[in-house]
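Heads up, the thing below is written out as structure tokens.
Lettered A, B, C, D, E and F in written order, each chain numbered from 1.
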């Protein structure tokens, strides 16, 4: 029997200009549906787990299409509530070389942002579940999002479900102060935390979770920061990716994990980029898959980073790869030779 | 020198599924920008007038693209305010044969819907203008839309500008009672009114402006209704189209106009449909062009109906035809022979 | 709780030239996955039933894509076996006007054609099921297909599941003699039969199930033929569609049903065609939906014919419509007016 | 051994807006290569004859692509000279319903228009040939085109090759007086003439060869006109199509032929239109095929009209159909039923 | 109030094969409209200046589309004359890696090449203008182009307008001797000159303006050459870009400017290429923008080079970027991080 | 007169996902026709030789399209037999960066795999021919393929035709033992052999012909291996490419040739990849062209490697380049500067 894993969050309609066209050049938009936690669910389903997504979609054909986009890749949508006004939208212009990608958000008043905790039967949702993943985006949606997140965490703990939380600070949605006020309440007893709070490390203008392109990797510093997170919130693993931004089309990626004792840094992958969106979610999904299926945390980290590196070669938000394909990269095959 | 004409209203991003695809089949959307009054402006610009559009767009690349979509066809955008949260969106699925087209609106909280009268300098706008066209959609956007409409009408009158108003009742936006309460205040001394109020004729479940597919044309009835409109609101011409819906791909169209003395019915055109959206706006633009350039009201009506019929053969919201092309249809050439 | 319905058959990759391009013009093919019984499953899922599809797909990415194409629209794929050599393919060129559509089959040696009865656990499959639909195509695939069909019918009866069978004679797959030899064994105690055997009516060169474009509808003749089918095989309802082929882009459709007592003919729909493939399957799905959800057989027939008529306006093999949309047509709304 | 047939003329790059887009909407053009006589060559090659095309293309990749477009469908290009400045271009906007198609020519100074008779070795070209087809377009290109046409006709006669000439008057290229002055010299002893000179029938504003949509077919009138042509120029058969233009998407077609004794009118086909361009050339090719392969002139005419009707269902300039497909239409199968 | 800047030149229809397809593979062409000076105008309009383009387009829908392509991005087209035979065309095949891009010109006899000085009212054009930019391409079009260039320069000087001239030698259009004979007459008192005449530096086989990929940058040599240009023609700034061609998809770019006293070299940008066409025009536009808005010449040069580098990441001829986006690059942000 | 060269093998329909889409993302497939030996034929035709392809295609429109794909580029198809069941298919997913390309074969029971030697008149085929090229794929198709290969080699020798053989071991088609058993019989007296048998060098798990990405080039080892091949089979030249796989989008290529006396290594090209398929065939074609037109074997090798490097920049299986374009690369121009 397959393992039941649950992710919860907002799913948005992503409207991308074709190729590398600028917004002002576009006569059409490619449409995919994505969101941090839904991306994790699709990746986990592709890895063979029984992935359920918890969200709310409007009761119209755009909501239907969002639902179909999950079912297509095997994600279970039994817990998707229907109703509300609209699906959030984000417009995406894919940069290249020295020109950055651009995102224009149009997500206010979405069905998920206006959902109530009563839209979800969390006891049913977490029955027999083994893992729950969510992110800082849901509480960022407003007071209702905070309540939904709290109810979900409580129910998950009640059912003995492991919890991972991607802090995912989004400055377009809320201020850093509000973020720092809310997240601690959700972090208690989380098993895996992606990123850290600025309260454990000096605050910056832009709260940075995972950009180390211009700093050298100082593992002791990570040990220190992550140690404080573990101490303060009783977290099992703290983890982050480190991205080197050579250009919009060329990045490198590595990651570190800390279990309270040993700090471990993964291999580093250097790659050109087909689509950067969802790279972090692919990492989260890989790490969760590893931990949920019995890999040790170092193996799980390697699986996560390889999974994320592969994601950058795939269009859309979701990581459409198999366990075998990720393991091939983990095992060092990045030569791109044709598979016949 | 060209004549200055002004239209005011909301411009939306229209996202259409390719061909006749259903929403749930779409992997991309064709993007055009349309709205009743912007469609009129583009058509008038194509007819050679100096068309200005008054609206408010968000200050982001989607707003830029909306602006470009007007400039491309020569519409002057000097009076488009920038700011607010978002551009309204509507999703469009083009039906065929017995399957109807479907519209999903996502227009709440748009920049135009939240605009203030102060965003527009109406005295500047109507300086030297000859015609002002607007519709019942702007007041339907809310209290601000009502105020903006009132200010515009007042300023237009102050500057001696001729005014046309397309009642355009949209049940998705407001109730019929609210409609009947607000519109009379905007109708006083209008020169051309498209449609009529239910207060002059028995109310129906769906307030019908222009669907006569299943009734015979009773010109006396029109004379009676239109006469009441003229009497009550001191309108110069009342006019409406009459559409026969054989199927989503096949319609016929005619129109009637009343000047208070004589009721006149236009020729009837039978055509297959490339894109039905904007058919009414193309009619309005044609009639306005005719009246603004000195045609008598019967010729103007014929020009309007031929313009509308041609619009149905053109994709997108806007009528991209020249005066010569419309006159060719008015003169009876609907054989579709290749023009070399 | 939703009703469990089961269909079984082959799913093929359909490769269509874009638009109306001829094969020799095509530089690309549109890819959808279709097959008579899978089309029925998708339609039933869209109507809100719990539709399961039974088949065998190869264990490669083409098989994965086939699976996804079903899951996307909610069809349950728990009973799809994986293995074998390949997915069957058919190439499709969509005709228009006086030019007919063309199909080139490349389906030999498919995973389903080479599947064994042991690939399917029919007792599990029919547990709690309410309806089983299959067609004459599966036995036409060869001896294994005949066995699989027999095992399925036996199990369905054992579990008290209602059975419908679309005779669907395909001359590319087997001879009429073989067809007449095999089908009677599968027809015993079927609840609904689409079409009839030539053994109850004079044999023709091409065994015709549903082409009445050039004959007047002689209801007495149908009563006679269908009555013999009922008598011989203890069938509950015999049914057929009648198609008028004006051209490749213009057809009309009606249907007749006989319950052993009264012959009933449905309304007739006249429509232009977006995609003809799957029109018969949409009819079957509609009728099954009607009967399975408690409509009487006349209502069910009307629902089936309206469902089929709508299908012709939709690209691809599958009927992507809701119950409300079908009922709208049943209730006479075929005017194609825009739904806002 | 296959029969060698030769056609000569200009081949142009046709740049069409996608679907029914207007020129001002196009962000891309579909590219095909077409021209009256090349269209005939491709059709004849598809019918199984050894078709050779005589022309001159520029020595650049656009010329290469033109060459490839012929070779792809089996046309022999041994006699295509290379050189000159450019390939002629025509822009094409496909109309629909009451909106006509539009052609914008940009063909001046093409390689063929500036070719010399010395570019072609007509004795080699007509060696073993059975048929030569050309049109009034080549002499319309200018003095060189007239010379090339004369040399070709002389050589063809010298080699005992049958000659057909499509008068094809193009008012964009020359005046009617010039046309009437030049063509008689090329018409002497032609075997088949498509159309007639205005000198045998009252001159019209637009010299009409084949538009009878608004006249009744008066066979006696044709007999009279065609008889004069035969008498004056010693032609064997005079022939013309008659087109009914219901709209840009809907036409009907018939044809008449006269052998000096009996006037014969073909069946009439009514069809919707995928692409009208090349309809006359498909007719010419069909008639030539019929006469060149031993059909009598009535059968040949029927083959020609059916061929032309089918062409209207195919995109591009060329008629991509087989003899069997044409015969199917000749035999009355225009129902558009799927061919499996 | 915005600054009025004027550019003059030819605008061509560019027909590009999709992606990196070779000409012989193309079944369609992407259509954009471009030309050195029009590219400058669009860029300047995007930078917020009031850019006017002076040219002549044919009075047909292709000319209309060309006009629209400028208006869309805010370029004023009041001074575009209409008439003549055709719009010039160039076919474009975008290379990649070691395969170079290919251009096939088809520009002879264009409306602009056959325009008369009388088509333009230069006193009206330069009224209130602050800058005039043109290039060596217009005089290369022939005697009329030379006259138009002279009249324009005279009028610009008369109105006290600053002038920039991009020498832009095109060997397809004229010989180097003719170039050297004509350009001096246009260079007198120009404010900014892009490139230099071979008369001030040894002549080469191919007159090179801006290819330094295989030479080291010898600033003293530039000082010497540019000094001679300044001395001879009383130019204020002489400037050139230096391009390193690693491959068709990978270049680096820098630039030098000389004010008669100090030679200054800009930063160097290394980038992959989306579309190389118009890179030089984007540089010119950036430099002009800088100088016209009060930047010093070094800042202006940096703005120009960053503008040009960004252009290489954008499809089409024109640089569709804002001042903020260019400044971001000037300020060192070339990491391509997503902008949210 | 042009030289007649003959290649023989299977031609397959290649169905590629658009861009870098994964199979599970594809809604359409780009269709080209390719196969090792057909790719060689097309390249040789583009180089100006008279290339004939020998194969068998099904007698349906897919077979017609395959035929057209060859004729389009000038390949002579006189010796293509028609009949059998189907054209082999392969599905292709183009990888990028660290994600490898994937091939799914569906080629069993193709017309060529089931062809008989009697389908081909080898004496006619090799009459006046100068070169015959085939590969190890044809014998890998089965006993009939072995027979056909033997008959072809015998006839070629009988007619004094030079023979080249690309060993091209395909583990999907047969085992290495079978390969080693069959190939020696075909290798006797071959003029050029691409690759070597494992019987002359230690056997590996995957029989490697041309992957040297992770070994240093040890020319002595090649001399030794190739020397044994020459000794054992009386071959004139043994040759192989050496590929460095940096990633799916970035490779480098070189080649070595041995004439029994001197081992020669070509230049090495480093390039990014548009389409890797057919890179080896482009090499073979280039080498054959060089040898067949009188270049010495070192020049021929350089021509072959440059030809192969260029192929990687071109979509599809075939190398669509001219001799001049290859020579440009041979002469060191890999800067990708625009060719005007």
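Keep this in mind: a contact is a pair of C-beta atoms (placed from the backbone, for glycine too) under 8 Å apart; a residue touches a chain by one contact, two chains touch by 3 or more.
For each chain, UniProt lists the protein as follows: A, B, C, D, E, F = 2-dehydro-3-deoxygluconokinase.
Quick caveat: nothing in here was measured; it's all calculated off a predicted structure.
Common neighbours of chain A and chain F, by the contact definition above: C, E. Averaging Cα atoms per chain gives one point for each, and the point farthest from that of chain C is the centre of E. Using the average of C-alpha coordinates as each chain's centre, F ends up farthest from chain B. Separation between the centroids of chain C and chain E, computed from CA atoms only, is 62 Å. Between chain A and chain B, the centres computed from C-alpha atoms are 45 Å apart.
Residues of chain F in contact with at least two other chains: 22, 24, 27, 68, 73, 102.
Chains that are in contact with each other form these pairs: A-B, A-C, A-E, A-F, B-C, B-D, B-E, C-D, C-F, D-E, D-F, E-F. Looking at the complex, you find that chain F touches chain A at residues 19-22, 24-25, 95-103, 105, 170-172, 211, 213, 245-250, 276-277.
Within the complex, the chain B residues that touch chain E are 68-69, 71-74. Only residues 15, 18, 22-24, 26-32, 60-62, 64-65, 68, 85-86, 89, 91, 93, 102, 104, 106, 108-109 of chain E touch chain D when the two sit together in their complex.
Looking at the complex, you find that chain F touches chain E at residues 73, 269, 271-274, 309-310, 312-316, 320, 325, 329, 333-340.
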